[in-house]
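Chain naming follows the written order as A, B and C, and within any one chain the residues start at number 1.
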Amino acid sequence: MTSLRRQIGDFTRLRYRRRKALSGWMTFCLTVSACAAAGGLLGVFGYVVWKAVPHFSVSFFTGLPQPVGEPGGGMLNALLGSLFMVALGTGIGVPWGMAAGVYLSEYGRGRLAVWVRFAADMLSSVPSIVTGLFIYVLIVRPMHRFSGFAGALALSVILIPIVARNTEELLKLVPQHIREAGLALGIPRWRVILSIVLRGSRGGLTTGIILGVARISGETAPLLFTALNNRLLSLKWDQPMASLPVQIYTYAISPFEDWNVQAWVGAFVLVLFVFLLNTVTRWVMK
Amino acid sequence: MKKVQRLLILSSICFSGLASTATLIHGAGATFPYPLYSKWFTDFQKVNPDVQINYQSIGSGGGIRQFTDRTIDFGATDTPMTDEQIKKVGEPMLHVPTAIGSVVLSFNLPGVKTLKLTGELIAGIFLGEITQWEDPRLKAINPDLSAKGSILVIHRSDGSGTTGVFTDYLSKVSTPWKDKVGAGTAVNWPVGLGGKGNEGVAGLIKQTPQSIGYIEYVYAKTNGLSVAQVKNKRGEFVEPTLKSLTAAALSEISQMPKDYRLSLTQASGKGSYPISAFTYLLIRQDMSKSNKGQGLVAFLKWALSEGQSRAQTLEYAPLPPALIKRLEATLQTIKVVP
Amino acid sequence: MRQLKKDVRFADRFFLACVRFLALAVIVLLLGMGFFLWDASGTALKSISFFTFLTTSAWDPVRDVYGALPVVYGTLISSFLSLFIAFPLSVGVALFLNELAPPFLAKVLGFLVEMLAAIPSVVYGLWGVFVLVPWLRTEVQPLLIQKLGFLPMFQGPAYGVGMMAAGCVLSLMVLPTISSVSREVFRAIPENQREAALALGATRWEMMKLALLRSSRSGLFAAFMLGLGRALGETMAVTMVIGNRAQIVSSLLAPAQTMASVIANEYAEATSDVHLSALALVGLLLFGITFVTNAVARLFIWRLK
């Protein structure tokens, strides 16, 4: 009897030890996976920094692309082109997206709102290359021209759903009684929405917009056959326009060492810009 | 919000100040002559600052397509357009040859500097029939070849004049190739990796030991890639040089048709490199609707005179003088703003 | 006074009309996208039926014959390969950050993982071309061929670029998506479930298994689908490392082509009308596939809420 009890005791103890060991092992695995993921980021980012920093120079920001085989030059055209298209894309996408977001949170109770919400969600998951294709068929072919405008439009299509959903989420957080207080003062509804509700969640809206901007400034695929590229410094809206991501792509797959180097520096600038936007807004808006 | 507005206004002022008043001409197409064109356009802009030419090397297929769709002012291609393609343009147009280039078989075999190839061997490799570097058929003409292992074939993934020239050549020298694959700017490749543009293929060759691919010569030259000698129509193994390119052009020039569409592959002349081609700009005959025509014609005249000497420094062979004379007369027929 | 009221009502109506118009325009945008792609693929659909297009594998611009099977295959395999790597890893990351890590560490690591999503695709491609591909070619793939060469997955020469490289890059890119959704899912589980499991004598791992993983299956499924949606449509990084060759082979070492990368490679360059519209059809197909994937994921997420 006693031996049997001891046997059971041994058995449960053994089981327990095994369970404990398994738990420890799994804990270890989870730790490793988290470290691997973070390491992935540091690996990519670190390598970009390591490759780019030795070649980092002022001429990158002030020079224009050189013909093949001549060293030096920079990406001024691409930097300004990106700035132009992202600014224009933001100019179109933000008001549009915010209006849709306002509609969803302030008026959106019917069946229409469900569909708008669904469409926004679906739009935000459309592959960016498909967006580029769409703008090519819609704008580039009828206009008979690749243009910075088409590129900006493609970027804005990506931005709209991001801003719309973010606006909706944020405005829903604004307590109902604030709206009621405004309305009770006799302020028209549209003023309540614009000057009280929207203004109240300024911080969050800005964060959302900036994160959206960070996202579109790294997009390459939608620009490939909308803005194309431009060797020259041109900021005319109806002409082909260079952009940093497309330039990085062109230079990255090229066999020329000068160009590969420029691709690394470009990638460094792009990543730094995106990271800065991300970290600074998160830090400031907290 | 006001700050944002102010920022927008400020930046738009900056931008408008930067946009220059020069005539902007947009072209796109072949990657084959891109090193030459990028040099030409930069140099031309120095002598002629009123005309700025933007050229994007998206591939000959793209050049033809975008030229037909009128999304660009001029196109560029290495394989002349077919009659059917010309019909689609819907207006009179010109092929203007600008230089002669070569498609080379470039390989990445550590320790191997020279390689001799025949048309059948090249077709065999690109058909996937010869898969190993130690294949006896390769050994037969390269007795000292020390390379071993799989042959990694690299080709173009986009529509390309380089592919057009290369497959035109292979269709001439190999019946199996002609039957199975054929000639065109984009074909259904039996084996291999695809790279985008001459740039992409050269990049892949450079990065991949045991690989072989076809690229325009200057891409091999500037990257220090080894280049194979190819057997020509007369049975000589020829390296692509300015001399062997010029030889190819001179032996075929007598057959140059009125519209300049002429294939130079498998040229019959002594010492001529078998995979060479004219590279063309595609120009609309009637350019009188905007002042771009003037700029473009000025550039073409410059390219046919001054530009030719610069071609040699980039390993493109200049056009024969007789051809340049004919071309200059042709340029007169382009309608521009008076 | 009445006039003022009228003005106010008009302004309100006008405002509502404006925002409703722009909200409707979002739907129109989505429908328009589908319509224009369908319209652009008309020429291709005239010469081949959609079914043939989907089930044949020739992609031959010389003969103007197009079949999308290899690119669909490439897209699916590269995406599932990436999820095969990234899904367990991401769930692990989420569990570690939510349940195990001390708050400070969780914050720092969580931030780093989120930043993975911020790196532009083209930078992943650049890194893939110059770091991952050479490493795969010289270190990983020869080893796989040597040890596991008897499997059809690991046969053929070590190109470096190919399905495996694409899968690896993609897994880095979908990891933040899956892990952040999983974290949300785990966070939604009430604390007392965890306590109950622990009180019954469960070890830490058993607690996670019983209280978290088992009860959040549908949430994790949604995370999986969202990750899949992202992987399916990813373009630049994949285009740069997958080798751009439309073929169906069992080996993961071989080059392949995805729907997104075939469009990126050939759309601006296609010469014939049929080729161009076949590419638009591929775009429409990709649009449809990601649409369904994401719709399923959203459905699950909405049901959770």
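Heads up, the rule we're going with is that a contact is a pair of C-beta atoms (placed from the backbone, for glycine too) under 8 Å apart; a residue touches a chain by one contact, two chains touch by 3 or more.
What you see is a predicted model, and the numbers here were worked out from it, not measured in a lab.
Set side by side, the interfaces A-C and A-B show unequal numbers of C-beta pairs in contact, with more at A-C. Ranked by how far their CA centres sit from the centre of subunit C, the chains are topped by B.
Here the CA centre of subunit A is 37 Å from the CA centre of subunit B. In whole angstrom, the spacing between the mean C-alpha positions of subunit A and subunit C is 15. Multi-chain contact residues of subunit C (touching two or more other chains) are listed as 129, 268.
Across the assembly, subunit B contributes residues 58, 195-196, 203 that each touch 2 or more other chains.
For subunit A, residues touching at least two other chains, in rising order: 228, 253. Taken together, the subunit C residues at the contact with subunit B in this complex read 58-63, 129, 133-134, 137, 156-157, 159-162, 239, 243-245, 255, 257, 265-266, 268-271, 275-276. Taken together, the subunit B residues at the contact with subunit A in this complex read 8, 11, 15-16, 18-20, 24, 26, 28, 34-35, 38-39, 41-42, 52, 54-56, 58, 69-72, 195-197, 199-200, 202-203, 205-206, 218-219, 222-223, 225, 314. Put simply, subunit A touches subunit B in their complex at residues 66-69, 80, 83-84, 87, 91, 140-141, 144-146, 228-236, 239-240, 250, 253-256. Of all residues in subunit B, those touching subunit C in their complex are 58-59, 61-62, 64-66, 85, 149-150, 152, 157-160, 181-189, 192-196, 203-204, 207-208, 210. In the complex of the two chains, the subunit A residues touching subunit C come out as 19-20, 22-23, 26-27, 29-38, 40-42, 44-45, 47-48, 51, 95-96, 99-100, 102-104, 106-108, 112-113, 115-116, 118-123, 125-131, 133-134, 136-138, 157, 160-161, 164, 188-190, 193, 214-215, 217-221, 224-225, 228, 245, 248-249, 252-253, 260, 263-264, 267, 270-271, 274-275, 278.
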